[in-house]
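Should a chain be cited, it is by its letter among A, B, C and D, assigned in written order, with residues numbered from 1 in that chain.
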Amino acid sequence: MKFPPSFILPFTIGLLFIVSFLIVIVGVWISQLSKIDKSRIIHNIFTRKTLLAVHETFMESLLHRKIFKKNPVLGYMHMSLAFGWFLLIVVGHIEAYQHYQTLSIPIYKTIFMRYFATHQSITLGGKMLAASMDLLLLFVLSGVLLAYYKRFNSRAFGMKKTTQLKTGDRIALAALWFIFPLRFLAESVSAGIHHNGSIISQPTGNFLASFLPVQIFEMPLWWGYSCALGLFFFALPVSRYMHIPVEVVMIFLRNYGIKVQKRIDGFSRIQIYSCSRCGICLDSCQMTHAAIKDTQSVYMLKHLRNRKITDEKLFNCLLCGRCQTDCPVGLELNSLRITQRIESTRDYNSSYEYLRNGKIAISPQTQVIYFAGCMTHLTPAIIKSMKGLFEEAKVQYWFMDEEKTACCGRPLMQIGQYEAAQKLIDNNRERILASGAKKLVVSCPICYKVFKEDYAIPGIVVQHHSEYLLELMANGRLPVNKMNTRVVYHDPCELGRGSGIYHQPRLLLDEYAEVISIKNEKEEAFCCGGSLANTKIQMAERNQIREKAMDEYVRYKPDVLATACPLCKKTFAKSRQLPVHDISEIIYMAIQETKPSKLREEQQLKNTVKI
Amino acid sequence: MKNFGFTVIKQRTIDYDQFDGRLLNEILENEPSFKVCLSCGGCTATCSAGDLVSFNIRRMNLMLRRGETSELENEIQKCMLCGKCQLVCPRGINLRNVIMLIKKNVVKYKSLSK
Amino acid sequence: MKHIVVIGGGIAGIEVACELTDAGHWVTIIEKESNIGGKLNNWSYLFPDFTPAEKIRESLQEKCEQKDFSILRETKIQSLERKNGKFEIQTSVNQQLNADAIVLATGYELFDAQRKEEYGYKIYDHVITSADLEKLLLPDGNLTTVTGEHPKRIAFVHCVGSRDEKSGNHYCSKVCCVTGVKQAIELKKRLPDVEIFCFYMDLRMYGKHFEELYRDAQEKYDIQFIRGRLSEASEKIDKSLLIKAEDTLSGRPLKMNVDLLVLLIGMEVGKGTAEAASACLLQCEDSGFLKTVDSFLKSNQSNSDGIFLAGSCTAPMSINDTILHARSAASEVNKWLKLMN
Amino acid sequence: MKLEGKRNIWKDYQKEIANDNYFYVRSCIRQNFFPGSEQTFLKILRTELNKDVYENPNHTTCSGIGYHSDVVPFETLQTIVARQFALMTEAGYKNLAVSCITSFGIYNEVIETWKEFPKELEKIRAFLKKATGREFEVPENVAHASDIIYKFREDIFAKSKLALVNKNTGKPLRIVEHIGCHYSKMFPSKGVGGAEFPHVLVGMIESWGGEVIDYPERRHCCGFGFRQYLVMSNRGYSVSNSRKKFESMEPYKPDAILCNCPGCPMFLDRWQYVIEEMEGKTYGENGHGIPVLTYEELAGLVLGYNPWDMGIQMHQTNVEPLLDKMGVCYDPKLKYAGKNGKLIGNPAMTGYTCE
């Protein structure tokens, strides 16, 4: 048997390396999964879910549909590289089978086919395949050109900050940039010598042969192409291009129902490696409004991957979830950050002994509990309105935190203190259970999320007051009075993206005021900037974020900015550009409008005295 | 040593010259807004934990500034991080970060001093 | 042409004289010192924006040269009599002046820190007053202590001679709080490694930009504020000072060693004011400062018709307030003279 | 330290001290702690200075300790004081010489009260009359015994045999002066030199050739504090106070501590022993304590009196190091000899400093 030429070695060794590396590392990650997650894989692997995963892989990993939606040029660039390369491999193989007329072809003969197959295909099919290979290569090269331009452009004009490159990234990037031009040149030169080219490579080859001694260039160019491929494979594990193989694994696992846990495990590592560092999260992040440009998810994941995350960066995030909505890979960015926060603060969780030692106040028997939340106590207008509305609807309720109550625990969870939060949760849960209530109405979205997700109290419905008031209204227990006030509704992060409550507040508000639809709403809504999840941000920076959001709202010329969170209200109220009211206040005011003025005064007086 | 039925009483005086400022400096470096505390006590008045247990966040500042860090570790545990203090603070001090820094570093310096 | 005698050639006196000269009157200033400017001469830089006091002095000097009023230097008022609706003044150099109206602008004196014995001013080597420090803050001021080193820790004591029954002064001198903050910042700028503590009872940052200056002191200059009045200071063997106070916010006594103790001395009514008041038969407040007819509408009028008051002879005042008070005094004098015609 | 500044203050606080004809009232506790001191005072006044000092054996306690311990009401105290004055009036004296600082404070407090509230004086006159049938006049001059020694310090020095000079080095002895709290802290004008920088002991030390140590905790109380000592479990407070002073004066290496109050020398002396026993800490040279003297003892030493005659052996902290530095002639063998020259036995409790 004739030995193949030595230029195939870099490629072949690189391929062997990367394949075995991937098998090992993915194996390790999967072995680190919890027992439940492992059984999820086994149960789901032979179901429709695998097909769904294949479909998703095709749509996202190859076509990059989500990037396309967000930014068509960026989408095209990614698609041309990923899908183009994928097709080159697939079509290349088909061409090789067709050419060699066998299925057992060494892989190098497929990849470097134009070197080995020195005569032109004579069949129509063969000609068409060769032509499509040339066109596909052109397609990929257009992506490469765009990539050159993007990098050049961002540097020259200092536009959007793309991720800083590390050595591994640089090598892989350089290799990637060279792979396709070298391939094109090598194929063209071979075509110039052997006349085995197609519609693009052959004219290019002829052109080159017309003034260059192409024989001298042939071997070095094929060497160069092989080296570029080999280098790329070797650099892959230490570069961001690891996302190409890992993302596929991630898509499959995700389809099997695996999620980021509250500890760093194999799946969170897989998610971390799945980040392509496309930088879309930089665009969605409001922290840039305060000139904070180094703490965004893409950087967090990079630092997590390198295990070099500082508290300064880890905690300088509002956890608003905007990046998560926009992430084309669909990474669980908030969960990943919280997981690391748990890790970073593990050593100093509080035990809150005093809650256990102290006498727990006796819970009265009730059907409905109202829990205002710590923050709501700093916005007494919300409490006053809620009291008025309860009275209006003749609801008997227990105001659980009227005097003193442990915090709901969510602020602790946001900064990773899950263990500590559990102590508060246990304490509150005990009190709620003792009351025998069926419904827990909460005014603060921060509390709402934790009550709903982490309290796990059987037989109790947790509702944010916007849901609850909507229900009361729908049942005819609250009068309706549509005022002609123009309202922009600001979705609180924890209620909207955090808990998926977008429609209820709008349906409710619609009955009492005129709600204006705006660009940045629902999933795309802004964060007010007041988030408790960020412990590092300075007040002045919060103000900048808030003002940017406020400027946007002001453009719609509303009479009132409505929100459903005491913290959002308090944050926006500092701006003074617009009057800010909680949804409950607006409903309460609208209902008061319907009453004769004397009665109204009396009622207001009564409620004021109570507060 | 003889026992006379009484002992020399420890001084209640804060001896500033014995001040160990490492913990304070670490916190001020990481959260400079803490410098501008006015000792107004708004934080303590609004404190959710303070409703349930004797807990004075204003005093934490003083304890740090006087190097009285021995009780700090236990005291700071009481905070529930609800963030009300931060909303009330007239000087906009990033108190939750201060508390987290104290929690983190109090342990570190305790082990260092051993 | 009316003749107005202004007693005192400090900021208030000169300001009043300028305004009245501009209004077309003949003005004579009686100044006991050879220099004009009064207590302004004690200060190097002025709160809250570190304006060099020289700038204000120069402007006063300029006014004196440009405006057509006369100054009798090293002269005091001996007696004052009212004759036919006019004032007849005998001076200490046996001059006789006749005036249609009198303006008292006799100012204040700095509290003598020796009276707070427990702080050891003029006994301990490293205790100085804010007025002493002010001179050291000039670019050529020597900030080394007796031991020849730069101080490493400095304490400021607020309210020395103010708000203190033991000093006989119940009132607040108003300007010392912000002076202390200003001087602390200046010291910190000169000696970046120094630790500075201000011992205060209340920080009364009443004026424009004062609170901002205080915040800067905390935020940018790491100056620390301890709420508690210094009870005493003692000199140690190395000439440093052991100071004691209660840290009232901790509720515990506190002691510390400092290399320099600065006493923020308050304002007292001056001997000159007291003498002038007795010569002119004017009433004084319990504090010794001159009584004005009321605090709002007649804050420049003394109990004696035709005798007006300007500046810090009526109450502790900042330079800014003094200038404004002096201007309003001039306007009151004008009104009164018109009424007399 | 600028002496000029202190002199300015001393100028402001000069008091009138009677020249002769004193009615002497003794201290309750000192007769037990340092009985030689009062004897020495009388000897100096009568034999060295030829003054007339009268004592009435019927005089009692002023009840100040009871008063400050809240067991004697103010009216009772005033009546007791009035009785002392009655004894003085009856004997025809007008100048009160007080041995005790507590009493000195009490007499001043009562006299000042009567000045401010004359009705109180009338009431007390009635009380005394009713209780004892006596009548009294308020003394014209109240001086503490140390004031009198201060007044005649130069006369004493003129007759002195020894100066406060270290005979080995020729340098002045460095002495800490400690003033009893009630000497001038209540009424600064009643003490020589006032409350902040009292001059009464400073004057003696400097006149007799010594050097005064001004140390940071000079103002601090010795720690007696009445109930702090009288209630056994409180004594820790008392020791702590003294210790604070010792710690503060230690760097100055004092040769002695001079006191003008009956309680202070007692506590500054005994607590040194107690601290040594409890903590093993001594404050003087070579593991010794700092000798603590009363002003009469110091005056006596300057005048060349035999230390054992003045009862200096009653001190728990050894005074011998000071005696040696001054060059006082004494016979160590006779330290514990009785008046007849026979040994009366060594004390049972001795510390390192007492050997």
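As a working rule, contacts are C-beta pairs under 8 Å (C-beta built on N, C-alpha and C of every residue); 3 or more make two chains touch, one makes a residue touch a chain.
Everything numeric here is computed off the predicted structure, so don't read it as measured data.
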Most heavily contacting chain pair (counted by C-beta pairs in contact): A-B
Central chain of the complex, centres being mean CA coordinates: B
Between chain B and chain A, distance of the C-alpha-averaged centres to the nearest whole Å: 38
Intercentroid distance (Cα basis), chain D paired with chain A, Å: 84
Chain C-chain D separation of Cα centroids, rounded to whole Å: 46
Residues of chain A whose C-beta touches two or more other chains: none
Chain pairs that touch, as defined at the top of this document: A-B, B-C, B-D, C-D
Contact footprint of chain B on chain A as seen in their complex: 311-312, 315, 345, 347-348, 350-352, 354-355, 358, 374-375, 377-378, 403-407, 409, 411-412, 415, 417, 424, 532, 535-540, 567, 570
Residue numbers on chain B that touch chain A, as the complex places them: 30, 33, 46, 48-49, 51-53, 77-84, 87-88, 92, 94, 96-97, 100, 103-104, 106-107
Chain D contact footprint on chain B (complex, rising order): 1-2, 4-9, 11
In the complex, chain C residues that touch chain B: 215, 218-219, 222, 224, 227, 244, 247, 249-250, 252-257
Sites on chain D touched by chain C in the complex: 1-2, 4-6, 8-9, 194, 196-197, 214-219, 248, 251-252
